[in-house]
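Look at the two complexes coming up: chain A is in both, with chain B in one and chain C in the other.
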Partner chain A sequence: MTGIVIEDVSKSFTIGKGSVQALSDITVTLPPGSFTALIGPSGCGKSTLLRLIADVLPPTSGTIRIGDKTPDTARRAHEIGFVFQDATLLPWRNVLQNIRLPAEVAGIPAVRDPRYLIDLVGLKGFEEARPSQLSGGMQQRVAIARALSLDPKVLLMDEPFGALDEITRQRMNMELLRIWKETGTTAVLVTHSIAEAVFMADTVLVLAARPGRIAQSIAIDLPRPRTLAMMRDPAFNGFENAVRAALFGDEVEAA
Partner chain B sequence: MSGALARSGRFWSSGGWLGAILPPALVLLAVGLAVEWAKAAGLLPITIPAPSQVAAVAPAQAADLWWHAQSTLRNAALGYVISAFVAFTLAGVALSLARAERPILSIGVAIDCIPIIALAPIFAVWVGAGPTLGVVIAGIAAFFPLLLGAVQGFKATDANARELFHVMAASRWQRLRLLSWPSALPFIFAAFKIAAPLSLLGALIAEWMGTDRGLGAMIIYALFSFNVPVVWLTILTVCAISALAYGLIALVESRVVTWGTDAEAGG
Partner chain C sequence: MSGVSLSGMEGPEAPIVRDPRIEAQVALLRTLRFPVLLVVSIVVIWQLVIWVFAVPSFVAPSPLNVAKALWADAEMIARALGYTLRSTLLGMAVSLWLALSLAALFTVSDLLSRALLPLIVILRTAPILAIAPLLILIFGRGIGTSVAVVVMVTFFPIMVNAARGFRATPGNALELMHVAGATWAQSFNKVRLPFAIPYIFTGVRMAAAGAVLAAMLAEWLTGAPGLGTLILEASSFRNLPRMWAGVVVSMAAAGLFFAATVRIEQRLMR
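Entry: the complex of A and B
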C-alpha cells in the first residue's frame, strides 16, 4: 500500500497579466490505504489539489510523493486512478471496452479482470451497453471500474456522485467503501456534502479559500465497516458539527 | 438485458430507413402532381415543362445523359478526393502547429469567399476548359467545408477525456487513434456530406466554361436549342446524383458512427 505525502505545495495560475493563488502551503500526509475526504467552498482548490497529485498539473512550489515515487513516475507506472465529476466515458465504446481502456493504453493485460470489476460495481449484464444507454449512476460506476482496472495504488475522485440523487448517491457510497476495502487503495474523495465526508473518510480535510489552504484536519473516529445506522449516532453528528464549524467558522454562531 | 438494449439502440439509429425516405418521396410526388396540374391549367410559363413532358423525353435521352454524367461524376469525384487529401493534410499542419491554424483557416475562408462562378474563368485560362478544370473547380468548391470539418473535429475532444488520457499516460499516437479520431468522425462525416453536392456543382460550373462533355455541357446545348424538357431532365439528374451522394455518405456514417453524438445537427 502506498501513502501520499504533500509538502509545502503551492499552486498559482496566471490569468492574463495577473496570477491567482489556488493553493498555498499545503502540507499533509495521507497514510497508505487511508480514505481522505476533501471538503471546502467552491473555488478553494480541491480539484487543483487532485490534479497536482495526479500529475495533470505541476505544483508551483513544494513536493508531492506517492509512495517513493514522484506523481509523474507514479502516473507513468499506472498507479493512479482518477474519477471525474462526469463519468467521461468514451461514447463509442461499450461498458467492457471502456473498462479495458487503461490496460489497452498501458499495453499490458488488465490487472483486475474487467468482468470481475463489472460484477463489483453491480453492472453484470450491461457489458455490451453503450454509455448513452446507461443512467448517470451506472455511468459513474463504469468510471470507477475503469479507474480500478489497473489496480491503482491511489484512487482520486473529484465529486464523483455530485450529479446523482440522494438515494443513488448513498448506495454508491456504500459500494465505494466496499470496493475501497477490497482493493486496499489509498482513496481521496472530493465532496460537497458534510455527511458524505464524515461517512466515508478516516480524515476530513477542510479547505478554506483565497488562497486555498487546509483550515482543519478532522480525524473521523468511527468504526468500520460504516453503516447507515451510524448516521443517527450522536458521535456522527459530533463529527458533522466539527466539519461544519471548520467550514463556516464564526458564521455558525452568528446565524 | 444488454442484448435487448443493444437491439433497441440499433433499431433507433439505422432502423426505419423506409421512414426516412418516405416523407421526402411523398413531398416530391405531391410537388410533381401540383406542377402537372398547374401546367395543364396554363398557369406556368413556357420555361417550366410538365413533369410528364420531362418523363417523355427521358428514354430517348438516357444514353446521352449517362455519357455526360460519367464525365461530370468523374471530375467531381476526383476533385472531391484530392480536396479531401489536401484539406486533411493542411488540417494536420494546423493542428500540430498552433501558429499555423489561423493562417490556414484564413486561406480557407478566402477561397470560400470567392464565388466559384468567378474563379472558373480564371482557371479556364490556366488549365484550359477540359476535364482538368472540372477537377480543379470541384476540388475548390469542396475544400473549405472539408478543412473546417477536419480542424473542428480533431479539436472536439472533451477536456476531461484529454485529462483522462494524460493520467493513463497515453502516447500522442494513442490519443489520436483512441480519442481524437473517433471524436472527429461526426464532424468529418458532416463535412463530407456538405462537400459532396458542392463538388458536383463545381464540376458543373466548370463545364459551362465551354467543354463538350458533361452534364453542364448538356444543359448548355439544351438551352441553346430551347429544348426545355431536356434542360429540366438534366437539372433533375444533377439533383438526384447530389442527393444520392449525400445519402450514400449518410449511410456509411450510420454504420460507422453508431453512438449518439451532439454533432448530428451539423449534417
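Entry: the complex of A and C
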C-alpha cells in the first residue's frame, strides 16, 4: 500500500497578464490505504490539488510523493486511477471496451479482470451496452471500474457523484466504500457535500479559498464499515458540525 | 446492504434500445420522397412542352431523346464515368489523408498553424484555370492532373473542419488518457480522431458535393477521357442528346457520391 506525501506545494496559474495563486503551501500526508475527503468552497483549488497528485498539472513549487515515486513516475507505472465528475466514457465503446481502455493504452493485459470489475460495480449483464444506454449512475460505475482496471495504488475522485440524485448518490457511496475496502487503495475524494465527506473519509481536509490552503484537518473517528444508520448518530452530527464550522467560521455563529 | 447488487434497483433508469439503422432508412425514404417527385414532374412537363410546342431538338433535346442517347452510348458513357469516378475517389482519398495530417499537425503546433494556414488559403483562392498549365506541366495530361484538381477543391473544407474537430476534444477525455500514460499518438487515435469524426464528415460532405465537378473541370483542361471531356465533345459536335445524357449521369454520380458519404458517416457514428 502506498501513501501520498505533499510538501509545501503551491500552484499559480497565469491568466492574461496576471497570475492567480490557486494553492499555497499545502503540506499533508495521506497514510497508505486511507480515505481522505477534500472539501471547500468553489475555487479553493481542491480539483487542482487532485490534478497535481495525478500529474495532470505540475506544481509551481514543492514536492509530491506517491509512495517512493514522483507523480510522473507513478502515473507512468499505472499506479493512479482517476474518476472525473462526468463519467468521461468514450461513447463509441461499450462498457467492457471502456474498462479495457487503460490496459490497452498501457499495452499490458488488464491487471484486474474487467468482467470481475463489472461484477464489482454491479453492472453484470451490461458488458455490451453503450454509454448512451446507461443512466448517469451506471456510467459513473463504469468510470470507477475503468479507474480500477490496472489495480492503482491511489484512487483520485473529482466529485464523482456530484451530478447524481441524492438517493443514487448515497447508494454509490456505499458501493464505493465496499470497493475501496476490497481493493485496499489510498483514496482521495473531492466533494461539495459535508455529509458525504464525513460518511466516507478517515480524514476530512477543509480547504479555504484565495489562496487555496488547508484550513483544518478533521479526523473522522467513526467505526468501519460505515452504515446509513450512523448518519443519525450524534457523533456523526458532531463531525458534520466541526466540518461546517471549519468551512464557514464565524458565519455559523452569526446566523 | 452492499451484498444487494444495485443494478436490480435501477428500474426507472432502464436502458433505451433503438435501432438506428431502421431509423436511418425511414429518414432516407422520407427525405427522398419529395425530390424524386419533383424530378419526375419536371421531366414529364419538359417532355410535354417539347411535344406541344414542337421545339426542335437542336434547341433543347427531349427527355426521351436523352434517354435514347443514354441507351445507345451506354458503354461509352460508362467508360467515361468510370474514369471520372476513379479520379474523384483517388482525389478524395489523397485529400482526406493530406487534410487530416495537416489538421493533426496544427493541433501539435500553434506556430505551424499560423505559418501554414495563410499559404493554404492563398493556394485555395488561386483560380484553377490560371494555374492549369502549371498543373498539367507537373502532373501530365492524364489522371494526375484530375486528382490534383480534386485535391485542391476538396482539401480545404475537410482540413478546416478536421482542425476544428481535433481542437474540440473534451478536456477530461484527454486528461484521462494522460493519467493512463498515453502517448500523443495513442491519445490522437483513440480519442481525438473519433471525437472529431462528425466534424470531419461535415467537411467531407461539403467537399463531396463539388468533387465530381472538380474532376470534370480537370478533364476540360487536360482532355483526359472522362465525363467532362465527353460532354465537351458532344457539345462541340452539336450532339445535344449525348451531351445531356452525360450531364444527367454526372449529376446522378455526384448525388450518389454525396449520399455515399452520408451513409458512411451514419455507419461510423453508430
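Note that in this section the second predicted complex is superposed on the first by the 255 of 255 C-alpha atoms of A that agree within 3 Å, B and C clash if a C-alpha of one lies under 4 Å from a C-alpha of the other, contacts with A are read in each partner's own complex, and residues count from 1 in each chain.
Here is the rule we use: a contact is a pair of C-beta atoms (placed from the backbone, for glycine too) under 8 Å apart; a residue touches a chain by one contact, two chains touch by 3 or more.
Small disclaimer: the values here were computed from a predicted structure and weren't measured.
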**Item:** Clash-or-fit label for the pair chain B, chain C on chain A
**Value:** clash
**Asked** In the superposed arrangement, does A:G212 touch chain B (first), chain C (second), both or neither?
**Response** neither
**Request:** Check whether A:P114 is in contact with chain B, with chain C, with both or with neither, and answer first, second, both or neither.
**Result:** neither
**Request:** Decide which partner touches more residues of chain A, taking chain B and chain C as the two options.
**Result:** C
**Message:** Is A:T227 touching anything from chain B or chain C once the two structures are fitted on A? First, second, both or neither.
**Reply:** second
**Prompt:** Between chain B (first) and chain C (second), which, if any, makes contact with A:P102: first, second, both or neither?
**Reply:** both
**Message:** Just checking: does A:R178 make contact with chain B only, chain C only, both, or neither of them? Give me first, second, both or neither.
**Reply:** second
**Request:** Pick one for A:I80: touches chain B only (first), chain C only (second), both, or neither.
**Result:** both
**Message:** Just to be sure I read the superposition right, which of the two partners does A:G40 touch: chain B = first, chain C = second, or both, or neither?
**Reply:** neither
**Request:** Considering only touches as defined above, state whether A:E127 meets chain B (first), chain C (second), both or neither.
**Result:** first
**Message:** Need the overlap of the two footprints on chain A, from chain B and from chain C, as residue ranges.
**Reply:** 51, 54-56, 75-76, 78, 80, 82, 84, 86, 88, 90, 92, 101-102, 104-106, 125-126, 129, 133
**Prompt:** For chain B, which residues are in contact with chain A within the complex?
**Reply:** 1-3, 5-6, 9, 158, 160-161, 163-170, 174, 178-179, 182, 257-261
**chain A - residues contacting chain B, complex** = 51, 54-56, 75-76, 78, 80, 82, 84, 86, 88, 90-92, 101-102, 104-106, 125-133
**Item:** chain A-touching residues of chain C, taken from the complex the two chains share
**Value:** 1-2, 5-7, 9-10, 13, 15-17, 170, 172-173, 175-182, 186, 190-191, 194
**chain A residues within the chain C interface of the complex** = 51, 54-56, 75-76, 78, 80-82, 84, 86, 88, 90, 92, 101-102, 104-106, 122-126, 129, 133-135, 137-138, 171, 174-175, 177-178, 227-228
